[in-house]
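Below, chain A partners chain B and then partners chain C, in two separate complexes.
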Partner chain A sequence: MIVQNFNHKMAAHCESGTITSLLNHGGLNITEPLVFGIASGIFFGYFHKMKSFAFPTFIVRNKPGQMRTNIEKRLGVRFKNYDFKDPVKGQQTLDQLLQNNIPTGAQVDFFYMDYVPSWERVHINVHFLVVTGKTENKYTISDAYFPQMVELDADSLEKGRFAGGNMSPKGFIFHLDKLPADIDYNKAILKGISKACFYMLKIPIPFLGIRGIRMFGKKVVEWPKFARDTEHLSHEIMKINILLEDQGTGGAGFRFMYATFLQQAATITGKPQLAELSAELMKIGDGWREISLFSARIGKNRDLGPDKLKQLSEMLYDRANVEERFFKSLSQAIK
Partner chain B sequence: MTEPTQELKLEIKNLIISTLSIENINLDDVDDEKPLFGGDNALTLDSVDAIEIIMAIQRTYGIRIADQNLARQVIGSINSIARFIAEQRENPTS
Partner chain C sequence: MKEKEGFVDYPEQQMILYVEKDDGNYGPMQTGSYISANYMDDYVYKRRNLEIDLRNQVTSGAISPIKYYMILVDLSFSELAARAHIRKSRVKKHLDPKLFGSATMEELLKYAAVFNVPIANLLQILLVKSNGSFESDFILEPKSSGIMVGQSQTSNPYVILTKIEEKSR
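Moving on, here comes the complex of A and B:
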């Protein structure tokens, strides 16, 4: 059983790519950057001390799963969601959906996706993909990070869907259930931007939004006290590059993808200021990419020199300042 | 589609070598088609080198490779970099 007429497309990010693919299959002509922007995907959060993380870390997008719920609210589409305690029931339900010709989104632990080269596999419980068919004991998978559809053993998919640990997928699957007759893209775009500006500028939590970037700048100089040794510290600093560039961020911590959204939003809403702000955000993204490179060089060379963390801190403060100006301008542009 | 010139390919090899401060390498030994990552080319690069090259392409040619999935395909070999730059010169998208 293979879902008919499903078009696999690569995407910059797994969750926005999966949602876009399901919406496109349902007949909605929408791009991944529009999905990302309408869902207020852009974000920042810094976590200096949390039980869930062994070392300070940060995020550059909203909470996993929130893109789907925001898209439902703002476009008026409806996804049907399922989670399971019993893997057998989880597989039966998935197979039935495929039998009914329904491409089905799934949340998995990336580590068990056997089509990924072993050296690239890491445990991330919030990877999203579309299951598009099953032949004997293999599922056909549309994974946004791969140029073609891939195959995955049923056992591996089950392990991925029912992996334990933080943010365990619990067999979660979802599919498009209903598209509205009309969509007010103008309203959805403005709401998406308004919420993104709120989260970046006004959310009253000191480690989120622009204040989160500033906290990162302040606290990164304390990272050595969390590390076992220079090797460990260099490795953790190198992860900054991975989080900004390598984990399906669309480049520069999603800033490039959000800039593309603003470019497309300018045309749809007839607000040329959004196109100007798109160009500004591309330049801001270049600055994040400089931070990626700076961190990657530290990691590669194990070179922590006396001022490296101070320099990194200054670069982060600089991003906080430019993003604060940017989001204030963006907030004004949609009034 | 414009086929990239040998001159452009040579320019890219020089750009990579100067960006990464690589010494003692004969440009003629760098294969245009062989992978630059994980293969047996005279030039073998890693993920940190990749971001250095992406930024060097932006500085030199004014072409931003924003999406890392695209970046992975573009910087796969000298030929793929050259094709991308030639295409962008003809039909800029970034």
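Moving on, here comes the complex of A and C:
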């Protein structure tokens, strides 16, 4: 059983890509940046000491799953969601949906996705993909990170869907249930921007939003004390590049994709200030990219002394300052 | 970022980057991963050295096999306990090489599922000769070896089949 007429498309990010694919399949012509922006996907969070993580880390997008729920609220679309305690029931329901020609989104632990090269696989419970078919014991998968559809053993998909730990997927699957007759994109875009500004500027938690970027800048100089040795520190510093560029951000920690959203939003809403801010964010993104390249370079060269970490810290503080100004301007532009 | 500045020729790992097109519009571009294209050798070098270091520790009895895998798959102690559904106090014991032997078969099965290895591999490390030296099968990329090690689960949860064969060229 293969879902008919499903059009696989690469996307920058797994969750916004999955939602975009399902909406497109249902007949809604919407881009990934619009989904990302309306869902207030842009964010920042720094986690210095958290039991779930083996080393300090950061995130550059909102909470996993929130893109879907925000899109539902703001566009008026409806997804049907399922989670399971019993893997057998989880598989039966998925198979039934595929039998009914319904492409189905799934949340999985990336580690068990055997089609991914082993060096890329990490335990992260918030990877999203679309299951588009099943033949014998293999599922056909539309994973936004791959140019073509891929196949995955049923056993691996089950392991991925029912992995335990932080943000455990609990077999979660979802599919498009209903599209509204009319969508007020203007209202949805402004709400999406407004919430993004709130989370970046006003959320009263010291490690989130702009304050999170500053905390990252302050704490990154302490990273050596968490590392086993120089090689480990080098690996973790180089992961800054991966988290900003490679783990499905569209480049510069989602800043390039959000700039694309603002450019499209300017046309839809007729607010030219959004186009100007879009160009400004593209430049801000270039600064994040410099951080990515700097991290990769000092990591590779094992040039990880206090002076280099201080330099990295200053670059992060600088991003916090420019983003604070940017999000204040953005907040004003939609009033 | 301009389109031409963002392009990286690395077919092994493709991704979408949002860039400024020639007409001034922003949009997606399919490209290769910059870090993989430029720094993969360094990543592999570090990973191999880490595995060798951990292997030396586990074979000398300085760490337990659970700790060996926990570090290799980059899990924290708490996250391992949550994923394996084993109490933290028990995991703490199993990380200690002297107390690893107190783990039950059921607990080992749970750990093996988290690490995605057969249970047998918690008591052995498979080494494959590649480019003149032995390397762990756990971190070896299949393309780098002429030997293929296939391990499949049987209907008996405690028994796996290991098949070692030359790759067809």
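By definition in this document, the second predicted complex is superposed on the first by the 333 of 335 C-alpha atoms of A that agree within 3 Å, B and C clash if a C-alpha of one lies under 4 Å from a C-alpha of the other, contacts with A are read in each partner's own complex, and residues count from 1 in each chain.
Just so it is clear, a residue touches a chain if its C-beta (ideal position, glycine included) is under 8 Å from a C-beta of that chain, and two chains touch if they have at least 3 such contacts.
Predicted model only: the values in this text are computed from it and were never measured.
Trainee: Superpose on chain A as described above, then tell me if chain B and chain C fit or clash.
Mentor: These partners clash in the superposed model.
Trainee: Answer with first, second, both or neither: which of chain B and chain C does A:Gly164 touch in the superposed model?
Mentor: Once the two structures are laid over each other on A, A:Gly164 reaches chain C alone.
Trainee: Of chain B and chain C, which one touches more of chain A's residues?
Mentor: The partner making contact with more of chain A's residues is C.
Trainee: Once the structures are superposed on A, label A:His235 by its partner contacts, choosing first (chain B), second (chain C), both or neither.
Mentor: The second partner, chain C, only.
Trainee: Classify the contacts of A:Gln263 with the two partner chains as first (chain B alone), second (chain C alone), both, or neither.
Mentor: A:Gln263: touches chain C, not chain B.
Trainee: Taking the superposition on A as described, I'd like to know which of chain B and chain C A:Val122 touches: first, second, both or neither.
Mentor: Touch partner of A:Val122: chain C, not chain B.
Trainee: Applying the document's definition of touch, where does A:Phe53 land relative to chain B and chain C: first, second, both, or neither?
Mentor: A:Phe53: touches chain C, not chain B.
Trainee: Among the options 27-35, 81-89 or 117-125, identify the stretch of chain C whose C-alpha atoms clash with chain B after superposing on A.
Mentor: Clashes with chain B appear only in stretch 27-35.
Trainee: Kindly list the residues of chain A that each of chain B and chain C touches, one partner per complex.
Mentor: In chain A, positions 10-12, 145, 147, 241, 245-246, 248, 250-252, 256-257, 259-260, 282, 285-286, 289, 292-293, 296, 299-300 sit in both the chain B and chain C interfaces.
Trainee: How about chain C: which of its residues touch chain A in the complex?
Mentor: Chain C residues touching chain A: 1, 6, 12-20, 25-28, 30, 33-36, 38-40, 42-44, 46-47, 49-50, 73-79, 82-85, 113-114, 116, 139, 141.
Trainee: Which residues of chain A touch chain C in the complex?
Mentor: So the residues of chain A touching chain C come out as 10-12, 32-33, 51-54, 111-112, 117-120, 122-123, 144-147, 159, 163-166, 168, 231-232, 234-235, 238, 241-242, 245-246, 248, 250-252, 256-257, 259-260, 263, 278, 282, 285-286, 289, 292-293, 296, 299-300.
Trainee: Residue numbers of chain A touching chain B in their complex, please.
Mentor: Those residues of chain A that touch chain B are 10-12, 145, 147, 241, 245-246, 248-252, 256-257, 259-260, 282, 285-286, 289-290, 292-293, 296-297, 299-300.
Trainee: If we count contacts the way the header does, which residues on chain B are in touch with chain A in the complex?
Mentor: The contact residues of chain B facing chain A are 46-48, 51-52, 54-55, 58, 64-69, 71, 73.
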